[in-house]
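Listed below are the structures to be examined.
In what follows, chain A forms one complex with chain B and a second complex with chain C.
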Partner chain A sequence: MTDMSPASRTSLRELVASKIKKRHAAELRFRGFGVTMVVSAILACSLLLVSILSQSVPALTENRLHLTLDVTAEKADPVGQRDPIDIREQGNFYGLVQDALEARFPAAEADGTLDDLFDVATSLAAVPIGKTIAADPSVIGKKLDVTLPINDDLDLFIKGAFGRTLEIKGEGTLVSALKPDGDFALSGQGPVFAKAVEALRGDLGRAAGSLEQGLILKRQRLATGQAQVTALQAALNAATAKAVGVAGAEASLEQAANNVAGLESEIAADLATIKTYRAAALGQGGPLPLGDNKPSVFVETKTGTYKITTLSPTLATAKLLVRPKAGEIATDWKMVQIKTPQDGRAVNDATIAYGRHLKAQNAIQPAFNTTIFTNSDSNEPELSGLLSAFVGSLLTLAVTFCLAVPIGVATAVYLEEFAPKNWLTDFIEVNINNLAAVPSIVFGLLGFAVFLTFFNMPRSAPIVGGIVLALMSLPIIIIASRAALKAVPPSIREAALGVGASKMQATFHHVLPLAMPGIMTGSILAMAHALGETAPLLMIGMVAFIADVPTGLSDSATVLPVELFMWAGRPERAWEPRTAFAIILLLIFMILMNAVAIYLRRKFERRW
Partner chain B sequence: MTDKQNLTKVSAHGINVFYDTKQALFDVSLDIPDGSVTAFIGPSGCGKSTFLRCINRMNDTIEKCRVLGRLEVDGRDVNDRAIDPVVLRASVGMVFQKPNPFPKTIFENVAYGPRIHGISRDKTDLERIVEESLRKAGLWEEVKDRLQQPGTGLSGGQQQRLVIARAIAVNPEIILMDEPCSALDPIATAKIEELIDELRQNFCIIIVTHSMAQAARVSQRTAFFHMGRVVEVGPTEEIFTNPRDSRTQDYITGRFG
Partner chain C sequence: MQMFAEFPIGLLTALVILTFGTWTWRDATRRANSMVGAGQGRLHSLPGYHGWYGALWVVGPALSLLLIHDMTAQGSIRALLQTGLSPQILGLSPDRLDLFFADARKIAFGGIPSATTPELTAAAASLKSIAGGLNVAFSAGALLLAGLGFFLARSQLGRDFRARNAVEACVRAFMIVAAAIAILTTAGIVLSLLFETLKFFSNYSPIDFLFGTHWSPQIAIRADQVGQSGAFGAVPLFLGTFLIMLIAMVVAIPVGLGSAIYLSEYASVRVRAFVKPVLELLAGIPTVVFGFFALLTVAPIIRALGTAAGLDVSAQSALAAGLVMGIMIIPFISSLSDDVINSVPQALRDGSYAMGATKSETIGRVVIPAALPGIVGSVLLAVSKALGETMIVTMAAGQNANLSVNPLDMVTTVTVQIVTLLTGDQEYDSPKTHAAFALGFVLFIVTLILNIIALRVVQKYREKYD
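Let's turn to the complex of A and B:
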């Protein structure tokens, strides 16, 4: 290198220059990858957030029924002693609600729609009314204004979850005439239903179209089925010739033949339906038939509702859902179309009709959903809340914190500052690191085997859940604390030891306080992890229906993530937005805890 | 003064130090007199810091470090089981290469030693000790108005003097200084050297240094370490003007090291 001629130097420079382009390109590529990764991560994250947020929107508000109850003594306090316990246990508060509803729609009983009217609010919703009356028996015999959540499906309907509800204003005065079969004939001046018929025809055309689409697939399946039948027939012939396995071949052939027959009849039915739809769409074949498997069409006057069964431009036959006030002259009426057929939803037409009238009377009003914060778990979505799960989470986390943090920090301090470095401490260290990677369900199994089976501790209790989560968080806290202790410069230890501090004084006066921000950050992150943990708690029975707020460490309880796991598995549609809402609450808690961790780290961070 | 100077404060007999299997010191025997400054010089890795750390048993904190031999402070073997290193370190203070004040206030830095040893009687006594120590370290005038500010906010030279004040606050007999000026600029170095010269009145000071000029300026006696052995020890003037060993001669004239 020392005896380099100018010529060789120049060639060296050229070599470097020729490679530099490649090096820059590699760098650019690497940066491109990085940016792509970051952008896709952000996109995925925001997609997740947007989907959860949009799903939770219906759960943000709830529709509430405002009623003025006539608190009669025979229903509220059948015993008559004005004893709060008697009132709470014997009172028929749902009966009071039913009375109030019936008072608004007196004809419901005669029309046989009383059950549909009562479906507006479930009986469980009346329980808090009992508590109010029991707390103050003096309201018996007086009027009482109450507010209660409405049926979850009606609530979803009002929020528009069953598709858009079309309203067409009617012209002129609606005339209704009772027919001999109990239905009503509705008519106005001229073709008052022409617009609705037009709209429905379009719908029917589209419905026929989608059925035709489905037919293509069904025909393909039919062809495969028929081929299968032929093949199986051949197999059966062969089997009969050999006289082996005849029964089995016969059974498969029969099954395949049944399949084909089923498909053939389905196709035939579809073809017939398509034909009627097409005919109706073209205005042939008389009035449009509207069954429960088609979108519901109501005719709604100020005080009554009819459900149309057949419709032509000038005349409709209809069933009565809500009887209008006697002598009402229906000048102000409209047609209401609900996209989802009655067969496709859990709330029937009559309940919707009552709900719409109650809403028009301002007896049903939307409000911010506070139920989810103030109530505990319930079978009825509209009455369910997260309070018991939240308290359960707090109690469990308190146990976890009280166990995991002191033990974890003490272990870390001992291992890092005091323990001799030998094979035993190495072995312990390796095992702690391994424990951090153990699936959390294993800790659940351990908790089940040791605490529940061996020590006979109570099932579903925060104390056991807390211990299990503490075991799970310990390795994380120990590792984080050791890292924080290692990060304290050795010069601080030397300085303390140099002025004559004992090892313990050096550790507790100087090293530990300096490591504290890191330890706290690690601990809080471990706690946030424990807050979101579900699997180990399932093992120890914290997946339970908890309707009461737990008051102690050995009460039955559940926690937020398990609660939303349970909600996600429930069948009613109203659970879906509530689950999304619960996820958001859980995320908010996580973010809060992480924010506290960051704040503490910033606040106590020291430089040296 | 002269009486004190002739007394032997630290006396080492056949000190061998091993780091695991590697031997760092070979049979070091050395007497250090009281009331003077003794400088250890020698090339890097020659064992002078290791020997320094034997005197207050700081080597105890290093895993796998074994110290063999007899090392006496005031005639008592420091490696004796009966000697508590905490008590020993209260009488043998130490100043390190890099200034290492605690990340606390200036007052707390100095007050820490007296507080853990229970030297002060009350708050005013503690304040007196802090002021006295800072005065002795020549830092009082610079920091008296900001005692409650963090010690880490001072300049490097001030930090090193703060560390010296912290060491003398527990009133030790010996102060060990491990290259105290290697991280400082020449002006701060001059101040520290001045301070060392003043402290010599009350303390036995042992200083490890890489600067021959510093050794010549501040010390009365000098020991030259090489390859884990003491090659030569004697009055500073003699070592620098008339060394007996050729290796010493080579080192101080800059021919190696």
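Let's turn to the complex of A and C:
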């Protein structure tokens, strides 16, 4: 270094200085990468929680129908003996509900909208009424106040799940005139429908826009489909030449050709719709035609509802949905626009119209959703609950706990304190570590092959589910227990042995109690894991429709995660918020279990 | 005897025996205590051990007998019933005979039989009395054993009797049996998978299974059904599994590793205290919840984005399943790597700092290379977890066995097909069931190899710095 000239020393310093800048920039970039990764992990977690929370919001409340039933003897107890069993089996309780609804809207039968009115509540919803009457037959012949959940789709509509419902207050008095074809002509003083027409035109323009967007994709699919047809045609020609596999090639060619034809007709239909939408949006072609594939527009008076079929600023033709009271002077009326067309939802216009009137009459009221806690699974979303799955989870976990914890702790104690170090214990150890990483579905296969097929145990039973989950959580408990036992210092054992305890006494009287907090923490975490496990239970038939609460270990049952897996797969829209709600309940249970584990760890943790 | 067929006499006997056992425990303890009090000098074993010894003799053999009865009852009832049946019924084909017994059982114990004939009613009556008789006989036997055990234990009770050693031998035996369960489980998994897989391969060539490219497990029930050939070429499933695993790893490795490095090397105590629980929360969420998230949140977002970009995205895409699976695996990689990075000795870092290296240079050139085997091990474990993950792919990846590597397509995986083949109504002994086990066997072998390598690498590495 002493040979270094001052000049080269400064240049070296400059070199280092310039490099340092680069190195610090690299340092910053690296750090930034770390921060980005942490933030993205947190974002992913919060996106998950926020999306599930927001999806569950509609399931927090349910709209209930409050009715006063006239409990007539001929419907409630057709046998007439006032025998509870007869009442429950023979009574027509949905008929009572239907009567009460009809009494509110006497014109429904004449107008042919009776079925739409009855759609407000499903027949299964009336079953609890039967139980009430059977429990107290003295109400027969009297009035009975009941509440029942309403149709899930109407419920979702009232909660606003089908898009915002636009209401425009009408001005002046609405005049309706019956036309010869049975429709009504609605008018007022001047252009009373102008606002609604304007709003609709905007909607139609947007609808045409989104259809055009979709067309791009459909044209692409058409192009690939056509290419496929050409390729398959070539393949067919080759097959015919070789005279092998002709039938198969023909079949796939036909399928592809059908596909292309379907796409072509879809595109043509879309083009036609876009044209009419565009024309209507620009105000061409006279009054706006409104069909079932366009947003529904109602004119609602205090007691009646019309559905508009064509609309211009001054005049509308409309179908009657709910007949207004005779002689009503409609000074207080409004236009109601529902963005989702009737074709796009499972609840039709008439049912919605009745639902809106019932709501206005305070016969439909929202309340906290208790059904989900008190009912078991059902085909009707509004009547479904988690009770049977909850009890199933409890029974299954009880079996798992009773098997996995004693066996797991015994294994851990043996391996850690007693086992001689030889090839057999090494083999057991390797085995346990590998079992901990075996995919859970493999345990399901084991359960299927061994317990269902070989031992002929009942399908879908909590006992089998519990055994499978116990086998799955054993390695976790053993590993956690061994770690807890290892953490107890040898001085404890030596002290116990020194005062004359046997090895067994030293272990069970001194080491095990000190390791117990760690063991319990590990066991609770393993139970929380077992509570959320789904895949192995699918294999042993716990994915079943269970409408009754299981009462024993060999009854058919399902568990919470499997129940929400089934709910997530059902087509009606109302299942989605209910599933999200079920997820939140499941997560609350798991967080509680984890909290207990953390509390135990904090409270009893000892550093030696 | 018929009345004891349904009456839970076995359960009642078990309760009686347990009560008797508790009483014996107290009685023997008291007796041993009184021996000390009577001035016989010191006992070899503490009084409590005499109590346990007596209780074990009372409860152990008796409950074992009841358990044996419970497991063998079906078989022995049938064997006894067969001795009293007329030859023409015994001459029925095995299937019909099974049905006959099932019907007799239904008539006897409530249920809806497929037919009701005088023979069946008679058989049901004798079945009921046989079952009742067996119940009574075994319960009486169990009580007798309990009594014998009681007197045996009492006769041995004495000053020099080594009750502690006997009880400890019992406990030791229980622990050895418990430890053997881990081996039994592995053996059960291997045997059941192997057995059913061999059944599958006796009808279907393993070459076609492992290298065939056409998967369509539906088997024609009627001859006129087209396109239902029952082809079990699993390559599309392997490819789909691999594709989704790859997407998951592309998400999980950078995020998991980056978070682990940041948390262990840069983060302040407060940041750690916030981020670690979040990752633990993520690790505790059941996979079915991730599946729901993938199906109803991520897949629609991807679809909307793809459509806006003019791409054709299927409703259930490999990308959605893979992304969400990646999120699920992040905490797995981050916690394992965090452990490994933390166990790199501080001296290595200090040496690097002393040479003037920056923190990122130290991490990149010293810490990561030192921790590399452990990190590789954790990534391998994560890969094995991704391959075996079931619920996310069942809900979000779809059922169509497309031979495609386009992440926007619908693909299917090994686990999805196992679930599809084994749920729903079918007999136990069909090619579809066996195919599910063959898939499970492949999955088990692949994950086992990955696990063994990973565990070995991690263990070896841990020993290096301990």
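Everything below uses one rule, namely that the second predicted complex is superposed on the first by the 497 of 608 C-alpha atoms of A that agree within 3 Å, B and C clash if a C-alpha of one lies under 4 Å from a C-alpha of the other, contacts with A are read in each partner's own complex, and residues count from 1 in each chain.
Just so we're on the same page, a contact is a pair of C-beta atoms (placed from the backbone, for glycine too) under 8 Å apart; a residue touches a chain by one contact, two chains touch by 3 or more.
Computed from a prediction, not measured in an experiment: that's the story for all the values here.
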item: Partner chain(s) touched by A:Asn434 [first = chain B, second = chain C, both, neither]; value: second
item: Partner chain(s) touched by A:Tyr599 [first = chain B, second = chain C, both, neither]; value: neither
item: Which of chain B and chain C A:Phe545 touches, first, second, both or neither; value: neither
item: Chain A: partner with more touched residues, chain B or chain C; value: C
item: First (chain B), second (chain C), both or neither touched by A:Phe448; value: second
item: Touched partner set for A:Ser502, first chain B, second chain C, both or neither; value: both
item: Touching partner for A:Cys45 - first (chain B), second (chain C), both, neither; value: second
item: Touched partner set for A:Phe368, first chain B, second chain C, both or neither; value: neither
item: Which superposed partner A:Met37 touches (first chain B, second chain C, both, neither); value: second
item: Shared chain A surface residues [contacts with chain B and with chain C]; value: 502
item: Complex interface listing, chain A residues touching chain B; value: 420-421, 489, 491-502, 505, 509-510, 514, 606-608
item: Touching residues on chain B, where the partner in the complex is chain A; value: 56, 58, 61, 63, 86-87, 89-90, 93-96, 98, 100-103, 112-113, 116-117, 152, 163, 166-167, 169-170
item: In the complex with chain A, residue positions of chain C that touch it; value: 164, 168, 171-172, 174-176, 178-183, 185-186, 188-189, 192-193, 195-196, 226-227, 254-259, 261-263, 265-267, 271, 275, 278-282, 284-293, 295-297, 307-308, 310, 312, 327, 330-331, 334, 358-361, 363-364, 381, 384-385, 387-391, 394-395, 415, 418-419, 422-423, 428, 436-437, 440, 443-444, 447-448, 451-452, 454-455
item: Residues of chain A defined as touching chain C within the complex; value: 23-24, 26-27, 29-31, 33-38, 40-42, 44-45, 47-48, 51-52, 55, 213-214, 216-217, 220-221, 224, 251, 406-408, 410-411, 413-415, 418-419, 427-428, 430-435, 437-446, 448-450, 452-454, 471, 474-475, 478, 502, 504, 508, 528-529, 531-535, 538-539, 541, 543, 561-562, 564-565, 568-569, 576, 579-580, 583, 586-587, 590-591, 594
